[in-house]
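Dropping a structure here in structure tokens format, bear with me for questions.
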């Protein structure tokens, strides 16, 4: 168990280090850190002085180490656009993105599993075919078009839901949440659907395929031969086995959801990290881009690690093979 | 003659495929009496396992029972509605599959699977069911069952797992157990133990057992009677000692590996030339005719029906009195 | 390539010409069976033709500011009471004919898509060959990069590359440069799948006798291998490329929609949707609706083709 987790943790650190190099290269070479301190029309001599004071003439490995150390302490430099520490900007926007990603994942998992189980059990039914068609469209339509379509329908035409922003938020310590107010919840609906739709179709397809696979296994045949009820077989035995890979997918996709939030946040002007990132790309605000990359990578590996641990809890085979070394 | 536990009458099973209808079982009949072990042998694809699945009502589309009757203790079960048939499965007919590794759901404890099965078929309380589950495990020879019952399937060895599978099949004291290749996936040393266990359980509980296998050794050791299947039909059925020592059907002779060679007179193992036809290409007449050393004209046009010959029932024109004897010997 | 095909012995004596063999194949048969696939193919061809012939068909050159008249701005489609000829699908706020803008935008979307796919395929096949053939550290480094990259969605990578390249080039970029940057960033986001497929195939071929024989007589083994590997991976690569074409077009549209892609002076479908999005609330729905529908249909058609191709060729993907 321990060895397994440690091996995974080492891999995670490897990934983080690789991303760190890219992030540093962007920070140092694509952007000019001097621009964080001075404005563009500062004379060359003064820029040179700032350059030296920032240690930019040190050897590159030294600079890299310094970058990593400060990044580990949450210091990612200063945004060109906002003249504020990048870490403050990101911290301020993080709750919005995480809440959106969480709601989108709940939506995607709930509906995806339901639709997948249904179309796995009733493969040839009309509704299953409808689900298949919807999933093809869900994969073909670009996210932003889905968002715009929803806005046109529910904001412009029907006027039921707000088309942008988070609504009213409540402050809990440093965290702001939209989950506690009616307008906050209403504002979450369309962005969550837009963001979750792709994941929903993905989960649905996987659950359906897994369900079909599991229903063909010997233990399901044996369960039927023991005269268990169809309900017990489908929703006890088959579903539990189906959900094992789904946990992985949902977990791994959570990272993608956060990254895809870039598009959704832009469509709905959602004040999250994604919107901040897009503005940074538009305005070539390198420190924010570099920090965002590092942050997303961190979230990714953290989730991967969590999924690995969760996996060992759900699947007893894995748990004991790890506990009792062969 | 007392009423047999299982009685199969002219059973036919078909699989509907894009290329046409395949006859997996084409008119077979046999009985199994209380406490009797019927061995069913044949090559893979001969229809042994399909017969087992048909009896327990687990033929899935595109397969279907196309005709005939299956009677359990005198009552027809092949036409029961699905929900009633489900109550027969596990309660009155138990089934054991080939591979104990894959027969058990890996995510549930053995206790959960046993108690679930017991409570599906009885009114026992959870604690009574658990007690019964422990008794069952003890009966199938699992040491320290109170402690082992809460293990997961993968924590048992192959042989122990097959014992768990047998315990699961025994949950509701069924009248009939269908054992589909119960020893094939096991180590040779364990096979004998499982066979001995099955025999003992059959004897003690008076359970009828239908033992499907391709292993003549297992049959010879375990079965009271044996049915030899070929291409979806029963070629020969009779008491195990008779069929093993004195097979009548040319295919059974080949299967017993005891066809005397004409040239050398010495007894040696002779393989049957060729292989069993695919279901889509069963020849007219007797399905065995292209491989039969005693084939004559009638075999190629007319399908032999089972005829009683001393203690055997055999489907072969050689034993039909109306056949011309001289033709047969040539 | 041509040599390899001629050198291979014909498996069965059937039509010998390239086209003849194609029409005789299972792929063609399965194509003829599926009405949906035929419709998708027709739609795709229609889009490509429209993009190629945009200069001839379109009533207006939307990239030429001289042809735009602000007096014609925000006209509804022709079937509306206020519609005006020749603006079949209406105009946007600069008096740009929507139909012409779509035709020219299609051209850019498809160009970025095809070029992006070509770039990523070349890059992926090349890196896959190198990784598989060299093995060892080179292989490990390339495949590690692939693994790390695969954990991030393509859109994030494309955005990052786009941002970095822009910051390196600096200043405002003209249309053609932007287009090149887009192709570059999309190409860099999609190479991994090709590389994995090709590498796998190379690993299989590498140990076969003919490679050893080729080395023995001093022939350049990589060239020989390329000839043997390429026919093997052609099917999978074609499937990946088709599916990636749809993805590349979506990515381009997304980047343009986010405002980091094609500029408004040289709009792609994504840029048109971005422009139209501003008029969603003021009732000028046609500015966004028609480019949106065009993009959705294009991507759907290509995806359908990709699905069919995957089933028809049935290569071992993943």
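Residue numbering begins at 1 within each chain, and the chains themselves are lettered A, B and C in the order written.
Simple rule for what comes next: a residue touches a chain if its C-beta (ideal position, glycine included) is under 8 Å from a C-beta of that chain, and two chains touch if they have at least 3 such contacts.
Please read these numbers as outputs of a predicted model, since none were measured by experiment.
Which chain has its C-alpha centre closest to the mean of all protein C-alpha atoms shown?
Central by C-alpha mean position: chain A.
With chain centres defined as mean CA positions, report which chain is farthest from chain A.
Farthest chain from chain A, going by C-alpha centroids: B.
Between what two chains do the most C-beta pairs come into contact?
Ranked by C-beta contact count, first place goes to A-C.
Take the average of all CA coordinates in chain A, do the same for chain B, and state the distance between these two points in whole angstrom.
54
Provide the C-alpha centroid distance between chain B and chain C, rounded to the nearest whole angstrom.
Distance between chain centres, rounded to whole Å: 58 Å.
Round to the nearest whole Å and give the separation of the Cα centres of chain A and chain C.
Whole-Å distance between the two chain centres: 26.
Which positions in chain B touch two or more other chains at once?
none
Give the list of chain C residues in touch with chain A in this complex.
144-145, 148, 151-153, 155-156, 159-160, 162-164, 166-168, 246, 250, 253-254, 257-260, 273, 277, 280-281, 285, 288, 292, 295-296, 299-300, 303-304, 307
Per the contact definition, I'd like the list of chain B residues that touch chain A in the complex.
Chain B reaches chain A through residues 56, 58, 86-91, 94-95, 97, 99, 102-108, 116-117, 120-121, 152, 154-155, 165, 168-169, 171-172.
For chain A, which residues count as touching chain B in their complex?
217-219, 221-230, 232, 236-237, 240-241, 244, 314-317, 320-321
Once bound in the complex, which stretches of chain A touch chain C?
14-15, 18-19, 26, 30-31, 136-137, 139-145, 148-149, 151-152, 156, 163, 255-256, 259-260, 262-263, 266, 277-278, 280-282, 284, 286, 289, 293, 296-297, 300, 304
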